[in-house]
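Here the chain labels run A, B, C and D in written order, and each chain numbers its own residues starting at 1.
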């Protein structure tokens, strides 16, 4: 066993940490002011483009992509600590061109896209010139059970026709959002995991309509946003189907593994920043003649947060290593374990940090309230906690059923 | 022991429940649409005034006031279940003219105000024609420790001069907000509980300035809002000081008891509505071939929520009864107990209901996300959980220290 | 609503509290020394008989029995606080002749027994001259589901023949144990709740055999003990069947309501004593230059314990009041609520008190370790927590299913 | 990063796992029967000696010792998974000669003992011919704060004189216990960490007296036991002081690091076995027409147990690796983290397994009740949870205090 990061990972950790600390965090307030100071919040404050250029210049760009042609060639285990660092600031992932769902969409196009799709959509995406969304969850059914999916992607000669309603399509509000990846039912009679297709849909295709933007605990998360999107008789050439009809589930599975690692590590970064803020506050703020750190159970809460974060990080890194060394199947249980536990842990750590900040923690004077919304949302996004706990239990009970 | 409500309370419970169910809840969506559909959200949708008129007509008005001249003459114990019912809808308290902080301000003016103050400010407040705010918490100090307070209310001949900065002044954004009650330091040399004064300040007094409105987990809570307010050389005649200089603490103590009962009972109403929604969802929604109620630990969560709500309600009613029968001193420990435990319990129940609703629970398609923000905020407002736990522990340990 | 105890209850509370404090608690160490100092622990130290005589003399005897002919004529609500006081000491229930399972057995005989059964068994039981046991749970099936019961009570002419194996028959080890109440299947073809019978079995009946005594977390709970008992072709006259064949469930239901109240209140008494000991320890013991109360989260734990105990007590008293005023059906949900939540709460409070006592808390130098075993056992006895949570959830979900 | 065990560790894992599964676990019931079937429980059932011989023959002996001359030469990280496997059975550690406190005492003698001490005491200890105890904790003071220690080891010419009272001296009851290591105050005027000495005391030295054996939640843990031991004017030659006067703290620190890793890993082994038993029970036992696994929240509890165990194991292994690569100082925070969190986690997992076993889980029909006692005890032994949380908090807050 060797818990040390690779030299390459260590070097990136140092550089990303420095960039986040010196370039990004100090600009968060300017960013918020720029964003909220305008009538139209669905626009990108210019400082973001400046930061992106700087990060790209320094080679801190597309670090999430294990493919060396397009990215840094880092393993999931090596990228994980960088994702954590990016999680420390709400604006950092975009700055490094490592934000969801663009990362997952890029991986899909890289592995399953046609040459034409890669050229037309992947390249500008990797250059940070366009953004994208992912349309999977539906409002009218429990989407945690994918067999419930009602949207359709029906073949009609040389074309595919999309119908249905999706929501929680993150990124759809971004002014640069140019395409979405849509998942729908193609062949209800096929084998359970061969029924669905993924289709690349330019957002300006007729029949695509953003019905509304959805808040998460009061946050619209501009300029990305989470949209409810209707697809009504949306016609596209058949080759818009990524990798061909019926491969939707297969693609989704491959997409979700690294995505869950990234989500969990970014959340851990939020928890670290929240804990750091909590500690600073606890030592700097005084009540009843003592620093907050010395009041009530605050020290124990800080200790428990430290323990929970460190354990969670090890669990995610271990799962990343399984993904790297044993593939999605070998990491299957681990992915459900971290997805079922890390967001709830982070929600709790952030809640503690908010409590130590008093009213300031509830407002937007700190990133904490936004972190809380992010962690809370990830207890539902990519499968609710309960579904992942169900997977973990099934695997565990299965060990003994086989033997008897 | 008799756990039955008084006949009078039972009659009001029936009427308020019916009004909330048939008049208010069905209009929540219209209300939200009306509020958010306009450029200026700091205005009251007309349907509120209609509902207020109807409630007043039916005698369901100012039920919080134990004083029979102005209110329904109900004891705190009798009003408590009505507050719970009002908590079921975010718009209900206003409809019955029972919303904070107007209720607390009304009680202050009733008990401590001059005839003139009562005539000029209390009467329109009780008629629902004007609204008010309460300016106590400060941004730069830990306001949980009242001795930290930095704002001043200095006597200057026949006048009092206010300086300082307050925040979390709820209601200050309301278009009908006409006055605030301000608390500040008058005599630093006086006895610890005789230093502060409460001053009635018309919002249009020169030197009063709303600096900004603060969000709570992304919610601005229009049209009330929570303001940061600066007071710069605000001059008022000396008789603007409620009950005279140095009585701020005394007034605050009397104000807080019933206010905490009301807050807790409204929160319990939110929890009841959240649990009801969770149960309906759990039986109506299907995943993996079963209603959600039969998946994972959902039934146990529902059971635990029922148990927690029922225990909390008994604790609040018991404390209300102590307040009615033994006064603020007799209810002191109980008030801290419920304030320290009820908001956290409600936060947890609402969180469970959100989880059962999936993405819908995070958005504004249900009142759940707003309830979460309300419960979370009340773990800080009126003293953070930790301060109240500290009081409970002090009282408990004190029992044994005395004897040794 | 009136949370005050009746004058009669208040008077008994005062007297029982005084007796426990001055007569019983100071003798606990002597009792333990006497019990453990002898080769045969299945004997009653003489001081118990002295205390029983004293309690009986003072009229503090059989207080649990609402029937005025035999007991004090107290309602369940009035007896509840007395049960709490008795819970404070492991030896107190016996001293007042109010210990389980004799109390439940006495109620069964009082309500359902024949005149002869009452004369022969109930009277010496109420005089404290004999003890008894209750044989329901079975080792080979999940007894939480009563339909699993495998033991039989088969009619054979004028006789009934018992076969089967029971365990956790509390009290069977007592030297004065003279009879057990046995529950078995009589008519498998009858309606689900008319299949079983309860039979009064003298312990010296041929075919009754105590196979072994079972420890609870290392405690054998001498001189009562929990036995595994086999019944092999045990023949008794048919009138040994209490109230006649097929009424086992009906009797069990009536027996369980007050029994659960008593169990929960005794546990609350243990929690109160544990909290008192924790507070005394926290103020008297010093580490790192401070009393334990001022270290880490100890104060918050004390506060949370106080809050949890007070809420639980209100919930049990409320359920007792429902039992008194609305009968077993009206109290059905409440009984499951308190049975599902109180033992776990007490386990947690006692665990906290143990932690504050360090190693002493784990040993028998305090009653805490025994309290922990008692609370832990009651999360299983009379139905595991999970079964009661299931009842609460079913009732809750049922409210909404009916309406749709 | 590489989460794979070394080839050498993997080989040992396989062999120890096989030995535990096939040689030890199947004999647990025989062991208990042998132990409890005799009048004197303070004797070792012969099957233990048979198993020890077999383990030694297979080279599965003294695996805990990193020193290649005496042990297997495994790093702490390599031994950790073996300690986990040994934790699965209450009798396994002894069989492999890897039980506390003999392991810690062996390390002390190896590193700090004189040649004579090593020859006379270490060698028979490592051959499993004698056992030993460790006398540090005291009954009259909060021993979590070592500066409270009242026992003395006073120099008197060529001798050292020991006085004081210790308790929780584990192993003192064993028939083969031949020596204890005693810690006492030698020089109150010295620097805080140079005041105490450790002394090797043959148990038959005049003045050493076992006052009584202490139960842990009802368990005396025969034939080892936990003793209260008085030392009255115990005179030993000065060279009985290990490594010379004033080095007690230094030795204790070095001893505690690996010891905490071993304790935590053995506890994790208990949790694994408890979870395995819970899963088997949950699939084999039926109630209400379903296996227990499909009732209530049981699946979620199983999943959460799996997640908690896996995270804890990673945390302990990571700390072991820190100990191996960065020494006690580098592992300081990690050791407190795992000591503060693992026992409580295991207590909770075992509690869940007990609940799934019903009454059987409380009795000695399974090892679960004993595991509960072990886990509960380790929340106090080697420093209570709260002290370790305090260390973690201090380190965490210290990061920010330095910078400001």
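Note that in this section contacts are C-beta pairs under 8 Å (C-beta built on N, C-alpha and C of every residue); 3 or more make two chains touch, one makes a residue touch a chain.
Chain-to-protein mapping (UniProt): A, B, C, D = Acyl-CoA dehydrogenase family protein.
This is a predicted model, so every value here is computed, not measured.
Would you mind naming the chains that touch chain A and likewise touch chain B?
Chains that touch both chain A and chain B, as defined above, are C, D.
More C-beta contacts across A-D or across A-C?
If we tally the contacting C-beta pairs, A-D comes out ahead.
So, what's the distance in Å between the C-alpha centres of chain D and chain A?
Once rounded, the distance between the two centres reads 43 Å.
From the C-alpha centre of chain A to that of chain C, how far is it in Å?
53
Which positions in chain C touch two or more other chains at once?
Residue numbers touching two or more other chains: 296-297, 299-300, 386, 389-390.
Where on chain A does chain B make contact in their complex?
For this pair, the touching residues of chain A are 137, 139, 142-145, 148, 167-168, 214-219, 285-288, 292, 295-298, 351, 354-355, 358-364, 369-370, 372-373, 376-377, 379-381, 384-386, 389-390.
Would you tell me which residues of chain B are touching chain C in their complex?
That would be residues 1-6, 77, 275-276, 279-280, 282-284, 293, 299-300, 302-304, 306-307, 310-312, 314-315, 317-318, 321-322, 337, 340-341, 386, 389-394, 396-397, 399-401, 404 of chain B.
Quick one: in the complex, what on chain B touches chain D?
Residue positions touching the partner: 296-297, 299-301.
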